[in-house]
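The data blocks that follow each hold one structure.
Both complexes shown next keep subunit A, but they swap its partner, so subunit B is in the first and subunit C is in the second.
Presenting the complex of A and B:
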């Protein structure tokens, strides 16, 4: 059963330079208890797409131009601010990239951790505190009972990200959205946080959307993978399909540019060119200017997603059906 | 700190040309001698200094040289409550109006709610109190007849002077609060708070407040000193029997002990205010606490 069904989402930013099509025709389905990974480079619209769902886009300049996001049958995009507030934090929780700046330095952890409960439940103060400590234990913070009264600056980066995760889990949400949860951490801490996420998902069985530009993170966590490029979903499929049978030239390029231990590299392969200016997008395929397999039709027509008959695997490329 | 200040003012007033008993008509030398002997002015300067310090330690600021038979302590005791009341009212007015208008402005930048207070605050910053004061008197006292033009008898007499004194600082506080809150409201942790489903009010007052008022707090000590100095002008405009007028007069009259006494008092006030600001800072920002 799908908990979240997003169809044809378009989020544009109206700036002085022109209309930035940050998310242009974006759809996905999140199944209950599954993990969806959204991959793309910086500025490809991954964060904007999920922030749009929760009404966290600054408006203006941002505007959700079209689309539908059904959460248990209710369209998030049509909800009023107060209806949406009852979903945010309670049903759909989010963790952000940089734990150093995402926690409020002026407030104690206890306050920040448990205020969601004050907002969304009728627990008493002592129940809330107990639940806060329980969640801190769950994410592996030692001495939770005393540390809950500390301030964020008294925690290390990894510990702060654990606090963020505890904060997201505290209301038992249906969906956890992790926006680049490991990007700002150093490598050893990254591994610990990933282990924690894998472990938590096994225990709690919630649905997870994980946003990253790190294919390694995706490989460890995701059931399904969605590749974004310039605001477009260029490929979507089961993790194995994406990693072993990539269809879209962009996905193929991404995978080729991963460092490998079993192959000798003179230089790491990369995708030629740089991401397009989202204001100046032309009518053809968004990837056409950088695509090694470009043909005349790619420059003229925007491809539609093509399904491979065998699986739930689609690629937005004129040539993917031939593969 | 205060001792350094006392020493500097002590020698500086004595270096200034003229003395407390200079008059247009020359005083007969015998009388001058008597007077100088009474105030120890005939002794070497270091001896005078020693006497003064000894008195100061006991809390005695000495006799006024100009107001016969009154000590500096008496003058201060009489006028300080008036000035303190004026200063405090002005400061509270500046702080409350400034913070509220600044917060309003920051809650919806580049809207009417932002432009109106910011336009007014620009005016407030630009207009000196000797312009604002008479203007307020003209409008509220003479035209509308709501207040007396000057004096310090009725409770309503406090309003116009406090406004005059506070307006400029209200304007500064307003701008600082706006900048402070705008800065905080763009931080990542505000996005976190939104993602948690908190209400706009809770985000503003719980998550943004402490950080938002920090810049204004830093300015608080400075504003206090400005308000103390500003009260000299305002007391003159409104004919208020406060300490400020004595301070100015004493410098003109070479009333040595009164100059040093009032200077020390103001300095003490500023030191205390700065301490208060530092304490407020520690309360607001947990990161500056040492543990």
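Presenting the complex of A and C:
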């Protein structure tokens, strides 16, 4: 069953320089208990698209121009702020990249961790505290009962990210959105947090959306993968399809250009050029200026997603069907 | 072949002070604490480690952006530690640096010309502008930056292009050694490989030596001949690139390698990982005995008593572990 069904989302920013089409074509279906990975470079619209769903876009200059986001049959994009507030943080929780700046340094962990319970439930203070300690145990923070009274600076980076995860899980959400959850962490700490996320999903049945530029993290966690480029979803499919049978030239180029520990390679074939300026997007395929397989039609027409018959695998490319 | 850069028992310490008027030293942060290695001409030594392990301090200590407490640094046969400030100013032409963040390392008020020409003016004094300009244009060619951009300002460029400007500036005085401090970490994935390829090309063309500092093992593996792994101010393992990845000796290296997720779902589902406990201990009071003993998965009694020696375990593969 789909918990979240997003269709044709468009989020534009109206700036002095012109209209920035940060998200121009974005759709996905999130099944219960599934992990969806969203991959893209900076400015590809991966964070903006997810923030749009939760009403976290500054308006103005931002505006959701079109689209639908059905959460259990209700359109998130049509909800009033007060309706949205009942969903956000309670049913759909989010963790951010930088655990150093997402916690208030002046408040004890207990206060910040259980604040959401005070908002969304009628638990008493002692019940909230007990639930906070329970969640801190769940994410593997030792001595939770005493550490819950500490301040953020008394925690290391990895432990702070665990606190953030505990905070997101405290209301038993259906969906957890993790925006670059391990980017600010060292590799050995990243491995701990990734393990925790895998473990948690086994324990609690929730759906996870993970946003990152790290294809290794995606390979580790995701069931389905969605590739973003310049505000467009260029490819979507099961993780194995994306990694072993990529259809879009951007996905293919990206996978080839990664230096890897598990493969020996002499040369790194890189993608020429750099991502486009979203104000100056022309007609035609967004990847056309950098695409090694570009034809006349790519410059003229924006491709529509082409489905591969074999599976739930789509690529937005004129040539992917016969590739 | 003699080494271009030789570092012996280098120590860079920072006093931790307390008090506003009567400052007293409450502790010493031993950021780099007895590091030795050699780098051959035309080669790359990768220096990996997690944040706070002292890898950047080591890089800066080598070109004396920080003053070492003790130890020897020889670049191209010359003793860097003994140089006077005046001498250093001249000799720094031979060893340059590329920083991580090309948004912060370029002055936003200077044009591409000003930025790349600055080291030339500093070294040569006032010179014929046309000679300088010719040099700048050649440098822009060698980093594949279009000549028409010469009058532009840093904000007009993307991250990758800015890093090209920073590289051109580092090349301006024809150095033999470049310290690259996380040169691709701030860049987008599709741009990282472009800059890595450029660095490799330039190395072949100008016979450059790189000290390539990074936390990204995949990038380091791609560019380096030898790799040193640092932990809490010391090198714990040093080996050729193939050797280090084929048979890592130090438990920390083993954990580090196993922590990197591969972009390959099938392998990821089957891989066995070594998970390290906890975080880095406080570097102002590192653990007694082996510095890694608080997190090590193979720890034995001896590790709490004696500090392991950094020794050759065969074929120029060095490791500082009692068990290897």
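In this section, the second predicted complex is superposed on the first by the 316 of 323 C-alpha atoms of A that agree within 3 Å, B and C clash if a C-alpha of one lies under 4 Å from a C-alpha of the other, contacts with A are read in each partner's own complex, and residues count from 1 in each chain.
As a convention for this text, a residue touches a chain if its C-beta (ideal position, glycine included) is under 8 Å from a C-beta of that chain, and two chains touch if they have at least 3 such contacts.
Just so it is clear, the structure is predicted and the values come from calculations on it, not from any experiment.
On the superposed subunit A, the two partners subunit B and subunit C both fit, without a clash.
By the touch criterion defined above, A:299 reaches neither subunit B nor subunit C. Applying the stated contact rule after C-alpha superposition, one finds that A:107 touches subunit B and leaves subunit C untouched.
Between subunit B and subunit C, C touches the greater number of residues of subunit A. When the two complexes are overlaid on their common chain A, residue A:54 makes contact with subunit B while staying clear of subunit C.
Touch criterion not met for A:123: it reaches neither subunit B nor subunit C. Using the contact criterion defined above for the overlaid structures, shared-chain residue A:19 touches neither subunit B nor subunit C, since it reaches no partner. Touch criterion not met for A:65: it reaches neither subunit B nor subunit C. Contacts of A:41 after superposition: subunit C is touched, whereas subunit B is not reached. In the superposition on chain A, A:94 contacts subunit B only, with no contact to subunit C.
Look at A:167: by the touch rule set out above, it reaches subunit B but stays clear of subunit C. Minimum C-alpha separation, subunit B to subunit C, in the superposed model: 12 Å.
Per the touch definition, subunit A reaches subunit B in the complex via residues 54, 56, 84-90, 93-94, 96, 98, 101-108, 111, 115-116, 119-120, 151, 153, 164, 167.
Looking at the complex, you find that subunit C touches subunit A at residues 50-51, 158-161, 188-194, 196-197, 215, 217-219, 221-222, 245, 255-268, 273, 275-276, 278-280. Listing the residues of subunit A that touch subunit C in their complex gives 41-42, 156-159, 186-192, 194-195, 213-220, 222, 239-240, 243-244, 253-255, 257-262, 265, 267-272, 274-275.
Residues 187-189, 191-199, 202, 206-207, 210-211, 284-287 of subunit B are the ones touching subunit A in the complex.
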